[in-house]
């Protein structure tokens, strides 16, 4: 197997070198034909189907004071980026146009380039990760096949614009707080037991169908050190993944770049929890949250809250940028 | 005065030709020194200061069923664009990366380029429109001067990432419904009397401090005909602008590209209501909303609702893309 | 067969609608296994192999006065573009940086986005057009297979940076002049007889190995009318293509967007001459030349000249922008 | 004076920190009113005016064998970039389009973003560097004032598309060879005496009007170590600059990023030689040449040659990418 080109361009850590040396063969934890989804063969929304009017109504009732936390990070030219990805914002012209009229209006806009659904605080939607089958076909959520050229200018199916907002009950799983550390370590696995202990410590109701589950691992402290930040992280492993699938959550989020633990538990897997959760089970992720407001929430004992994330409906996109809001 | 370059590139309609022939002199409706803002000289939030915990609490109480409307438009390569602006999304590689590991993961991202805060459904923030003073200085919200090169890679002050979300009471001002038309006409002025008649007809409480005011003019029906859509539109005039300033609203939105009426009432002005509302009074706009869900809301008699708009915190940007959510 | 998406976005003329309705089956004019190239299985240069030191030496001797013609077009935001392609240039900041030092330097750069090898005056290199075989594999010059993801950030093989410059004898084939018209018509075929009549009329030596053959069809006059310009054009047909293959030319160029006649002679083919010349025979094209200097050259009786085209070595690109120079 | 923002983003080395701490006051080596240029107030070509038919004719006569050297570097995503600049190339779709027709054509293009005239091997044209006068006005070549917004989408005057090609006698000034070193050191000044010694050693005729002067400093060896490469370099100082102005050269080029020595001789200056040569005297630069072919040329004793550089005519651009060709 050839070394993927980006290894030369980007230090993802030793775990990838290991991965790519492995034969593509063995033990994945899903059936060979893992589609259609439980929401039927035409579904493009996956876990966001749990965001029902009833769920919205009950989540609004959680709010007691109207205090608001912003968990998204600002997008900057120097933020950590994965692989060959790009982000650049600049202001043309200064001003772009004008002055016009007696009022002498002048105006600006901003030119932005980059993989905008997959840089900074980023949402992984249905077209992001897929699985190459033994038949050589790349399949995404609900078994949709990758048709090249037909999707050059955006995915006709599984685009992020199909999802709508996630407005629901959010729960903060403060694993760093539970373990009394600033940050969990690279490769440290978050387990179902950790999740339950956090909930118990927080004194909130268990995870319910449609909840957004937000992990505070503390790893966000390395945001300003891109090489360290991207070299791995703590996160959920297979047991927690299965636990959360059973809970029918609407989305996962964390102060890390993949939510999952990296290096993964299985040395032969590569982002295998991503495939399990997103591709097979249609559970969407929000990555690279800011850890600072999470710490404040823990300090304020805000473990249960109204959670708002609204994907930008870029037609045919795999993901979305955006701020994430918690209100208590 | 020189013809501004973009007239050659883009048909904005005859009104601009008229505008640019005028001397920069006369009757604007704000004092010569219009800053600092009423929120103090350091403020970067303007009308979003009205989004208080108390306001959030009261707006949540409006929701009765959890039914949700999405008013943002999907972003597509062929949407109407103003002037020389660009929007292009495509998927590199197909897939971008992989396969890796036993699970044979493959993945995609999307490369997007364009003036992302000022194309499609777009939010105008504090760094968007300014006024060139008689001293030749360009000033933006709160009198901030345009320092070239210092802001090349994003505005240090007035960037949209400073704002936070707008979660508040929304009111739908269904002017098209009031007048019994599919769409108001190009240049047709929406007045304070229209606004009050809409509220009375809707049977809702008057506009209150911090409300988001959403106009349904019907003009959105021309979205698929960019030349028509951009050639002008109905919208608020000076009287309605003053009325809304007095109401201390948090934001305005409409199914048109500028919210304001175009051509404007004053033939010597150029987007002068933009300057009055945004630059001088710090009231932010959301433009290019979708008229179809507005019609549905009118049909469902949803004139008062929970309004959610969360700007993407692109650091130093003048605006933001994003979906806009109404919940009843 | 599905309608390719770009038909909805762009008027390519009725000929494409016809093409896409056809079954993929019949009469192409190359063998089923058309690789390796005559320059061996490792070659990445194709027709540029004819640019030898000896050829360069003889071409320099053509120059008699040093008079220079520029045949490339300036790149502008409003030039005609094919399909969904983009081109946008703007200047960030104004100035981008400074002032610094006692000398108070300020500086600018330009931000450009787009399919830069395939907009405006554009050079088609070895990675541009391929053929999908009956085995479903996409093959490019010299039979190189399209490996997705490995080439996401540029082609490892067949990239335009491998070619080097084309400095050779150029011949102007003034078909418009021969026929006494301003421009040939859409779909009008240029034949070997036309080429030979042009050469005879010009009084120059026949086409020789390594020559660059430049066609003046007059179609360039529609450059400012993108819909007309892109709806088809005159150009070479199958007979001329075969004739030029036999002559071992180094490159072809024309004042049209594809050099080939469009609609093509075979209603079942789609840019089939492109495939024959470029994919199968490795003969590179330069498209969208300016017709105005061509007319001047004809007036000056400059039919034979030193030809200079230097591709920009964008690593892994399919093509290149650039000016094209003729010197007599 | 404020610290320019990019210092925070990019390590340019200690010399910039020094520069920015200085008051903007003293000793620059050009008159306060340094325009119009010697080619008249309407000129936009500067030193390229020396490229006359006669000069072209004499330069062609230098060629003896047709052997060709390519001195431009391939453009890659990981090349060293100055400040906040960006370069990214990727291939959408793979393939972008097709298959169509019986021939089953598929095709690709490349999407490129970045400051394309000012990344990699880059040509500095008339709109690139300017001087802020005591009156606060930014002036570029020939005294042209920076009018903001009028030039947002490209400079109306001084754009690189006005220049045409540089086809002339090239001379290689092998300073590394002269000094018997792999590379000159950071901050090491190239003097007129060095230049004359190189010419004498090479056994070629002196620098003549219209010549392109190419410096081999050896600094190009650090290309793969961006931090070292960009932290400074050897290059011409004030004396050599004055010497070259007197020689009426057509352009300068080097295997460094600015051609000039950095840190400069005057601790109060910032790229002051750039201003002297480009802004005041209209002499254009080609930067970031490849040192490897230069070494080969020295080995082959190719010190005098036909030089070809053809700027890409991006309308309104400050510079251009492109390959540079030497033929002996």
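First chain written, first letter: the chains are A, B, C and D, and each begins at residue 1.
Note that a residue touches a chain if its C-beta (ideal position, glycine included) is under 8 Å from a C-beta of that chain, and two chains touch if they have at least 3 such contacts.
This one's a predicted model, so the numbers in the text were calculated from it and none came from an experiment.
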Practice item. Over half of interface residue numbers shared between subunit C and subunit D means same, under half means different, so which is it? Key: same
**Study point:** B-C or A-B, whichever has more C-beta pairs in contact
**Key:** A-B
Review point. Measuring from the mean C-alpha position of subunit B to the mean C-alpha position of subunit C, what distance in angstrom results?
Key: 44
Practice item. Please work out the Cα centroid separation of subunit A and subunit B, and write it as a whole number of Å. Key: 28
Practice item. For subunit A, write out the residues touching at least two other chains, lowest number first. Key: 4, 6, 77, 84, 86, 88, 90-95, 97-99, 106, 111, 113, 148-149, 151-153
Exercise for review: Could you pull out which subunit A residues touch subunit B in their complex?
Suggested key: 4, 6, 16, 19-20, 22-28, 52-57, 60, 63, 65-68, 70, 72-77, 83, 85-86, 88-92, 94-95, 97-118, 127-133, 138, 146, 148-149, 151-155, 161, 164-165, 167, 266, 268-272, 274-275, 306, 308, 310-319, 321-323, 325, 327
Study note, to complete from the structure: Per the touch rule above, subunit D residues touching subunit B in the complex are 2, 4-6, 9, 84, 90-94, 111, 113, 148-150, 152-153, 156
Practice item. Give every residue of subunit D touching subunit A within the complex, in rising order. Key: 9, 77-78, 84, 86, 88, 90, 92-99, 106, 113, 148-149, 151-153
